[in-house]
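Two complexes, one shared chain (chain A), two partners (chain B, chain C).
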Partner chain A sequence: MRPVVALLLSASLALAACQREERDTRPQSALGSGEQPIPVTTLEPGGQRPSPADNKAASFEANAFHLSEGKRLFGWFNCSGCHANGGGGMGPALMDEKWIYGSSMESIHATIRDGRPNGMPSFRDKIPDDQIWELAAFVRSLSGNAPSSAAPSRNDDMMVHPSENRMPDAATLGKSP
Partner chain B sequence: MKRLASIALATAITLLLQGCAGWQSALDPKGPAASELAWLIWFFTGLCAVVWALVMIALAVPLTMRSRLHIDPLVLDAGADNRKLRAVMIAVGLTAVILVGLTLLSFFANRTLAAIGSDAALTIRVTGHQWWWEVRYEDATPSRILTTANEIHIPAGEPVRLLLTSTDVIHSFWVPSLSGKLDLVPGRMNVLDIKADKPGVYRGQCAEFCGAQHANMGTFIIAEPRAKFDAWWNDQLQPAAAPTSDEAKAGENLFLKRPCVMCHKIGGTPAGGTVAPDLTHVASRQTLAAGTLAMSRGNLAAWIADPQGVKPGSHMPVVDLSGDELNAIVAYLEGLK
Partner chain C sequence: MKQATQLAAFCGDPVCTDRAPASRKHFGVLTATLLVCAPLLTAASQPPPAPAISPPATAAPPDDGQWTMPAKNYASTRYSELAEINEGNVKNLQVAFTFSTGVNKGQEAAPLVIGNTMYIVTPFPNIVYALDLSKPGAPMKWKYEPNPEPAAQGVACCDVVTRGAAFADGRVFFNTLDGHTIALDANSGQPIWNAHIANINIGETITMAPLVVKGKVLVGNSGGEMGVRGWVKALDAGDGHVVWTAYNTGPDKEVLIGPDFKPHYDMDKGKDLGVTTWPPEAWKIGGGNMWGWISYDPDLNLIFHGTGNPGPWNPDLRPGDNKWTSGIFARDADTGAAKWFYQWTPHDLHDYDGINEQVLLDMNWQGKPRKVLVRPERNGYLYVLDRTTGEVLSAKPYGPVNSSKGVDLKTGRLIENPDKLTGTGKVVRDICPTASGLKDWQPSAFSPKTGLLYIPHNNLCMDEEGVEVNYIAGTPYVGMNVRMIPGPGGNRGAFTAWDIAAEKPAWSLKENFPVWSGAVVTAGDVVFYGTMEGWFKAVSAKTGDLLWQFKTSSGIIGQPITYRGPDGHQYVAILSGVGGWAGAIVSGDLDPRDATAALGFVNVMKDLKNTTTAGGTLYVFRLP
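This part shows the complex of A and B:
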């Protein structure tokens, strides 16, 4: 009897590892892209959420797939041109704790979609709404606001040292292969 | 019944072997590298089959022979022992000779492969992306550098040097009819030389698992006579054809206003994205989405309307377009010959 119980227990533990994060590659926007009736007429004070809140904010925020998609798009759409991998340049830094137009997903989404004064362009119609949510989730994760189990890691080329397999080999006297 | 089974088996094997012919098969070589490899495949398989059969016979003979059951273990037969020892030594010696011989064969085949592109005049940079191929024709004159996607035109009968790299994960470039496979590794440049003996279309496939749409990452090598190839290159260097109909003009406008412009490039327009396939002459290609769909107006519309249905997980997003907008964009792209 005992071995059977042990076997069942270990089998159920092993099966738990089969759970895979849901990858929603075709999230349907309930309201259609760029059509949310959110009036962004005045600047929101920091931290206050524009309403109504979209349920995407909650579902994308801690989802590793959407966060890494956001990271990819951040590079593809040249956000680094002004924000320099989050460190800031022409545009403000994104990896610090300062949020000029609010730190919530909804605020960041509104910033990307509608633009902000003094340089941030509007990407309404240029980026599908789901991808704006992914970008917003990634931008929030830059300052440590996403669980570390889901947040994308830093690129190899941003590391202080090259990754181990690209380090010069001692056996070849410092000449990389 | 037995006869029926053997007929069925023979038919099945014939049908399976049929799959080895055609535009994507290492057993149907169309270039010097693939011929060399095909010869190696057949020679290795044949020799190993002979050795396997001999070993099986050597095992079967003592099993079926009637043995002397009453051997006295105390009686020594030096002659028989010597004979057995000699047989084992001969077998070991033959094994060593065969293994060293096969190693030398594959070594010399590798030398032949490496020599194919030593005088290649044309260099093409192939960059792997999830899940498509970026193809860039290098030229000393910057204005003649050409970027296209998924379909690689080469002059037939001439060696071509491919520089392989990747931007995201490891892919592998494999056109079985022309050459062996070689990986595309991020941050590293691999060199593969290919040559097609005759004009034709040879299909290639990503051969290193690279994600959700690895299976739909196809490529085509289109080998043409030199004159036709040069004409193709010159055509591809031209900026995109200006839209002629009102619908296509509206489509161009929409393309530039909607998310398409964020990733794709169309030469001669402000669209200059480099992270997705260059669409300057998209309608001149034979397939869409890296060999997934044949090029046609209907397939273009299907691909733009629901890329995640055709190629789930691909980086082409679902874009919210009305039916009229979709039609206009398709009419525009269809004209980009």
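This part shows the complex of A and C:
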């Protein structure tokens, strides 16, 4: 019995010695995994590359139906519980010109899908992807970043702020630059 | 009007027989007092009698000049016997030293002073600092960083505050936003134990200051806006293990309701009311959190704690009385077993959490000596309860209230105003007080010298609209659009001295913003509180006259304390740094164009951003 164990042991040791760490000498491109990584900063050593655009963004962005669906979902998924009707509360204001993680459709989509470290939950397993795009489009309309012809107008609820289609662009507050 | 009520207060015998030397400024008032009170003055030459209203001695032992728990003592009087700083000299107060907490969120905590050391705990990330008071400038002795999970910030309803630490047996106990209770060695700052008792993934956080009673650390959870089931836990002060847990909703067994439970009113009697007064299963996500204050009566061996609002705010989703939310429990200090319960606001319609401070006092009530508990409640009434039974002796509004029409002293029940019932799809206007209450967490102070309770509070009203809401664990469960507006008179805050025996205000000061700071009162007849503009004020305990004020660097929402320093002199300390629910517009940089931001508070605080900025700083004052 004993010699067998010794043999096995030495064999496995020998095998382990042959095992070398694998090194990928040609790393894949930064994009790699199937998902769309969205930079959360504008700082890119070596010069700025254009952020990758998702072709879903454009189809959802200026669409009145998707915007109004986004508005409904904003209440449905309790976004309004943390962000109020855009003015913020437990989460930051979404109707102002300040963005921590970027104002693009792609960034907002990533925020909702993956969450953010200081308390934005990840809704990856709760909200289907198309509805996340609808939410992203609606979030942009809160700061006046949606065509007024498409953005939601007054609803029947308590008047809490000017309707989204009358919301001035938060960055310029309606003033021409 | 003010003058007249002042005189009434002066004629209560504690004041007339125990007059402090008046400054020239008060001469007029004093002469009037002398005339009105003339018959009583004969007593002045005799030693002053025991005060008519005073905390039980076991719950408020003689002052040793330290400040070991936020409420000063188990009776929660926030009264200091120090009198070096008094009505006459308080105008000379100067800054002794300052210290930046390094955190730009709302500073609601009370500093503690034990021996030669001051301890402060900051809002998230809940850093604890120990400052050496025996050296010039109070240099840092140690600091402890618990590194709470950043994600906790997203589930804290109303800024990422903490209300302070507690000291016992050489240890500093405090809570972190992400649900840990931690014991530190007070000398070295080394952690002794760390108990993880709340789960941010279901929306639980901890913002309250713990209270240490008989070797147990009492802690409750926050999360009334997230559908979190409320509880209070007792942790062993030695090693942090959970000795008992009392839930505030659910079956009697889990609420620790047993044979000893004897509520005074019929509405609180019955089996498993924590289940049967809810729609099926709703109690599991029904709130009733305990994020406020606990008092303790060593003679009765009872702790007293309130319970928060039921969830969601929209009442249509939870028909029934929603036991045991928005009420108060008396529990056995050793086992947590419930002794009695009283519900301030059955089936709450307006987010009237019941977690405010309770001041334990002994007094004559209608000729009979009673052990009472005084509670300025969020729903707008100043309650006096018999703390042995939970019977309501008095419930008088201490400010504008229209959401209810009083309290029926026979049944104990709040009488709702049918015009202010909220519900889905209905906008109800001008409800007073607001969701934040006539008074929120900001604790009041009681002076046995004046018999007055000094109440920092709000003067706000609101419009409410119930909306549909889904329960998703870890997200808000509110279902109400709220928009707050200033209350009658336009002043959004007030500081009221309440004459407990006379059941009416002695005087009241108007403040532009809600008074979101606590108060402290001293044997020098000075009351300290802060304003959201950043003024730290000293007013006369007798008249409310402003005696001194100092403009700190940010709005004040903290709890003032006073202590005897290593040099034998009296000091006063306050944390400045705006935030909290009322100041979230500044600390969270919220957008004032949305009336519902910060659960509706932003609408009434739009100008705060142009008044003050965030930033936590400790200020300590002394006489020159």
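We adopt the following convention: the second predicted complex is superposed on the first by the 105 of 177 C-alpha atoms of A that agree within 3 Å, B and C clash if a C-alpha of one lies under 4 Å from a C-alpha of the other, contacts with A are read in each partner's own complex, and residues count from 1 in each chain.
Quick note on the criterion: a contact is a pair of C-beta atoms (placed from the backbone, for glycine too) under 8 Å apart; a residue touches a chain by one contact, two chains touch by 3 or more.
Because the structure is a prediction, the values reported are computed rather than measured.
In the superposition on chain A, A:R23 makes contact with chain B only, not with chain C. In the overlay built on the shared chain, the residue A:K126 is in contact with chain B and with chain C.
Using the contact criterion defined above for the overlaid structures, shared-chain residue A:F77 touches chain B and also reaches chain C. Counted by residues of chain A touched, the larger count belongs to C, out of chain B and chain C. In the superposition on chain A, A:P117 makes contact with chain C only, while chain B stays out of contact range.
By the touch criterion stated above, A:D96 is placed in contact with chain C alone, chain B being left untouched.
In the overlay built on the shared chain, the residue A:H161 is in contact with chain C alone; chain B does not reach it. Taken together, the two structures place residues 76-77, 126 of chain A in contact with chain B in one case and with chain C in the other. Per the touch definition, chain B reaches chain A in the complex via residues 187, 257-259, 261-263, 275, 306, 308-309, 312-313, 315, 317-320. By the touch rule above, chain A contacts chain B in their complex via residues 23, 25-26, 29, 32-34, 72, 76-77, 125-131, 156, 166.
The touching residues of chain A, counted against chain C in their complex, run 75-78, 81-82, 84-93, 95-96, 98, 117-121, 126, 157-162.
Contact residues of chain C toward chain A in the complex are 150-157, 225, 427, 463, 465, 467-470, 472, 474-478, 481, 483, 584, 588-599, 602.
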